[in-house]
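Naming follows writing order (A, B, C, D and E), and every chain is counted from residue 1.
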Amino acid sequence: MKALRAVFVREWRLASAGGGGPAGPAAFMLAALALVPLAIGPDPDILRAAAPGVIAFAALLASLQGAERMFGDDLSDGTLELYALSPVSLTALSAIKAAAYVSAVLWPAPVIGFVAAMAYGMDGPSAGALSLGLVLALPGLALVSGFAGALAAGVKRAGLLIALIAAPLQVPLLVFVAGVGRAALEGTGLAGANLMLAGAFSLAALALAPFGMAAALKGRLE
Amino acid sequence: MKALRAVFVREWRLASAGGGGPAGPAAFMLAALALVPLAIGPDPDILRAAAPGVIAFAALLASLQGAERMFGDDLSDGTLELYALSPVSLTALSAIKAAAYVSAVLWPAPVIGFVAAMAYGMDGPSAGALSLGLVLALPGLALVSGFAGALAAGVKRAGLLIALIAAPLQVPLLVFVAGVGRAALEGTGLAGANLMLAGAFSLAALALAPFGMAAALKGRLE
Amino acid sequence: MWSAFANPERFERLAARLVPWFGWGAVILFAIGLPWALIISPPDYQQGDTVRIMYVHVPSAWLSMAAYAGLGGASFVYFIWRHNVADLAAQALAPIGAVFAFLTLATGSLWGRPMWGTWWEWDARLTSMLVLFLLYLGYMALRAAIEDERLAARAGAILAMAGLINLPIIKFSVDWWNTLHQPASVIRLDGPTIHASQLWPLLVMALAFTALMTALVFMNVRNMSLARRAEARARRKIEGGEG
Amino acid sequence: MSMPAALQVSNLALSRGGRTLLRGLSIMLEAGEALVLTGPNGTGKTTLLRAIAGLVRPDEGDIIAPPLAYLGHGEALKPSETVIDAISFAARLHGHVWGDGKGDVRMDALNAMGLSKRVLHTCGQLSAGQKRRLAIARLTLQEEARLWLMDEPAAPLDAAGRALLADLVADFRKGGGMVIAATHTGLGWTDAQALELRP
Amino acid sequence: MSMPAALQVSNLALSRGGRTLLRGLSIMLEAGEALVLTGPNGTGKTTLLRAIAGLVRPDEGDIIAPPLAYLGHGEALKPSETVIDAISFAARLHGHVWGDGKGDVRMDALNAMGLSKRVLHTCGQLSAGQKRRLAIARLTLQEEARLWLMDEPAAPLDAAGRALLADLVADFRKGGGMVIAATHTGLGWTDAQALELRP
């Protein structure tokens, strides 16, 4: 238990420091969300309709950005061997890494999502629902990104490979989060169901992904 | 001259191999272009209107993906020192790296852009114009990405930093390429002007970026 | 029986014997199925002759999913028991499955133009099929990116198993989300709802595609197995007996 | 399940990329013993150490190993982490507590490798030898380990560093620990067994 | 501008992170001479080599160096590149041509370090010592270099590798080359000067 806490504290610290911690992905999301209207054009109706999807997509991309670092450096500098031979199992380590990633790096996503939703012309309650959807989806996004990161650790152009592997697996979350926002916007009453689905996906990912990550890491070490 | 060719051949080969070469960014662009409509929703009018911007944006993101690897590994494994002390100047090296990156990795972007434009409901000539815009923009995108990559080489979470540095600098290209597509779509007759602007930006980047990259790399070595 | 699958050389011989059977089987089935489907079978009362795209579209869709199921199954076997042949099978299935997924997308898209008035529609089934195609690409890219054969096989197996989640999504997406694409009319619990004059040629075509795929997979496996051993031999020659 | 007190490797076969590196290797190491692995480049010393650590799967043979600590070619240090943070983490990971008049295991470990003046450096600022010293200091915090596996532990160390390492190893063995080290230079460890791998 | 034929370092001062490592150092090396740098960990051997290579800016002093080749701690090898590709590239980069009955400089370089059997391996598959050998073999292709700077060249090398390295260095010096190496173990080079850095 103490060891697990020590790992979490350290991973949290390493994830927060260096690249600027949450500032990085936050700025990435902001940049992406600022550029999209430039691309789509300024029509307010189009923008509002596109908002839930665009914001969910920006969060997905942000979650991919740090995935390469999640295990890549640990593999090349020998840290992974250290962990593999430590009292902490690789499965627990994987879950902890994902948790540290969410809480040190990804946490601003729902806040930015809310602000962007308002800026794109969504009403307050819908923006709130969308933001809640992001909160529920973040663990799932991080876990799937982490899984892809573990598979691609130490591989050339791992960033791309990670995007290619993770994005298809994250599609359901994208659909659910965008669904929350769209349902709230159109008042179809399906927002709750989409929220549940996003949460359920995250829980399922929590139950499965750490084992997948651990298996992938063991393979990468050999 | 021979040395320059040797560097190009090698960099081209390293960029092509491993991560699957062009398959990676191509798949990334495909994935991004497939997911965006899932997010925006299936309304064909909205999709067609958004197409030029979304496609230009996807190409921009694809160009960012490989930027981290452009110099990051070379710094950590000592290759950059080797180049710095070789007969090839760092300025020439930088230009070559960008050229290898375009020709080994990014080249499918215009093709995918064309296909996606058709899938999003644009007409053939407009899609062609957009695709031509991408061809002209690619060198610029690669050079700016490379510049950001050189500045951020070896930094933690360089990927993010690169996105933050490069994306704003690439905004003009985004606007020009999207402008080509939109102008062609709406028949405003401004497509040609936008094409010229995209090409001019690429030329300017070719004249300036390699020096910036070389300066950044020298700093990273100390 | 199992040892025949675990021992590459014996498997190569087995595969060499099976390829012509499935290959000729495919030729014969296509000889029956193609004219039947493309000429003899009646045009649809709604869709006219465009319905003939179905005879390529539907078998490709089935086979791309079947190939992924095979990929996932072979990966599981490799992951647990480390049978090299299972890995070879997985590696052989991936490009073939990807081609069928692409065929499904392409024919569906061609079909969609007259039927729905659009090349592409972002409905659940179409999107999940695209995801399947991307999974194939991801699998191949991952394997290509890892130099060490064994490690590549391990990583690929893990990814392939994770991707299995997408299969039920494709299959049931039309039932779960009420969308544009047509619901299942052949493979359903209460029996097929499609007319017999279309059902039979469709089934023959499906069999023909299956035979073709089986032949291709065996051929692929055999070639890869031979190539792997040839490379090992070349390597030993250069390195000599000792290190 | 009681932990084995000795290392038993029997009839081991290892291969890399389809080429057999060693076959029929048996090693028996009792408490307090040390084994120095030598042999030409590429004969499989690193592979053998990793196999004993359980990181590489052997083709054949059995390995029964006590709890162990591994020092590989890589130092597992984060360039941005300070020396004191790195060592504190290792201490916490292995259940150490400090403060409250208990003495400070972390400073003891750093002192043992002559690093006490570098606590505020980040690991990225250390010289090659200093990094190696830190990795060795960290090893000593794994109290439950009965076997140290060390891959070229002394390569970047100066004479003083080698002496400190030899002291640590001697102490560890006195307490019943076992050590296996791969090396190309003399380590000067008293009565260590030698095993030379041949190509 | 004619290239200097000797290395002249005068009144050099180097610092790292605000701490002065050395001050007032002068080195004069003539054609055919070698200098072995020793000294405790962290005294600035690596920093000095990098300064001579022009990678680190000195606080004070002048460095006049002939064309040089640098072998650092990092091996500058790409895990996915094969040995033959890596060496071919180095050869091309430095203007070598082969084939046409000219003999093959690449194989000569690999042979000189005993690597000819590894041509088809990727660099990621090489053992620590094999990587080092490859990096050294590549160095020999820089024909225009008159000065080799080597940072712990022999650390992961076996006895045979050290002997091959000593031969290479002897040959290079016979042809008028100069060598500076930082090391913690004896290199066995004939009549090399020694410089011990002190903390």
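Methods note: a contact is a pair of C-beta atoms (placed from the backbone, for glycine too) under 8 Å apart; a residue touches a chain by one contact, two chains touch by 3 or more.
Predicted model, so just to flag it, every value in this text is computed and none were measured.
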Point to revise | Most remote chain, CA-based centroid, reference being chain E | key: C
Point to revise | By count of C-beta pairs in contact, the leading pair of chains | key: A-B
Exercise for review: Please identify which chain has its centre, taken as the mean of its CA atoms, farthest from the centre of chain D.
Suggested key: C
**Study point:** Chain centre separation (chain B, chain D; CA means) in Å
**Key:** 46
Exercise for review: Express in whole angstrom the distance between the two chain centres, defined as the mean CA positions of chain C and chain E.
Suggested key: 54
Practice item. Round to the nearest whole Å and give the separation of the Cα centres of chain A and chain D. Key: 37
Check your understanding: At which residue positions does chain A touch at least two other chains?
Key -> 17-18, 76, 155-158, 160-161, 164, 167-168, 171, 222
Review point. So which bits of chain C are touching at least two other chains?
Key: 127, 131, 134, 137-138, 141, 145, 148, 235, 239, 243
Revision key, fill the gap. Among chain D residues, those touching two or more other chains are 17, 40, 42, 73, 80
Point to revise | Contact set on chain C toward chain D in their complex | key: 148-149, 232, 235-236, 239, 242-243
Practice item. Would you mind writing out the residues of chain D in touch with chain C in their complex? Key: 17-19, 21, 40, 42-43, 199
Revision key, fill the gap. Contacts from chain B onto chain E in the complex sit at residues 2-3, 5-7, 9-10, 13-14, 17-18, 73, 76-79, 81-82, 84-88, 221-222
Revision key, fill the gap. Within the complex, chain B is touched by chain A residues 17-20, 24-25, 27-28, 31-32, 35-36, 38-41, 43, 46, 49-50, 52-54, 56-57, 60-61, 65-66, 68-69, 76, 155-161, 163-164, 167-168, 171, 174-175, 178, 182
Revision key, fill the gap. In the complex, chain A touches chain C at residues 147, 151-152, 155-158, 160-161, 164-165, 167-169, 171-172, 208, 212, 215-216, 219-220, 222
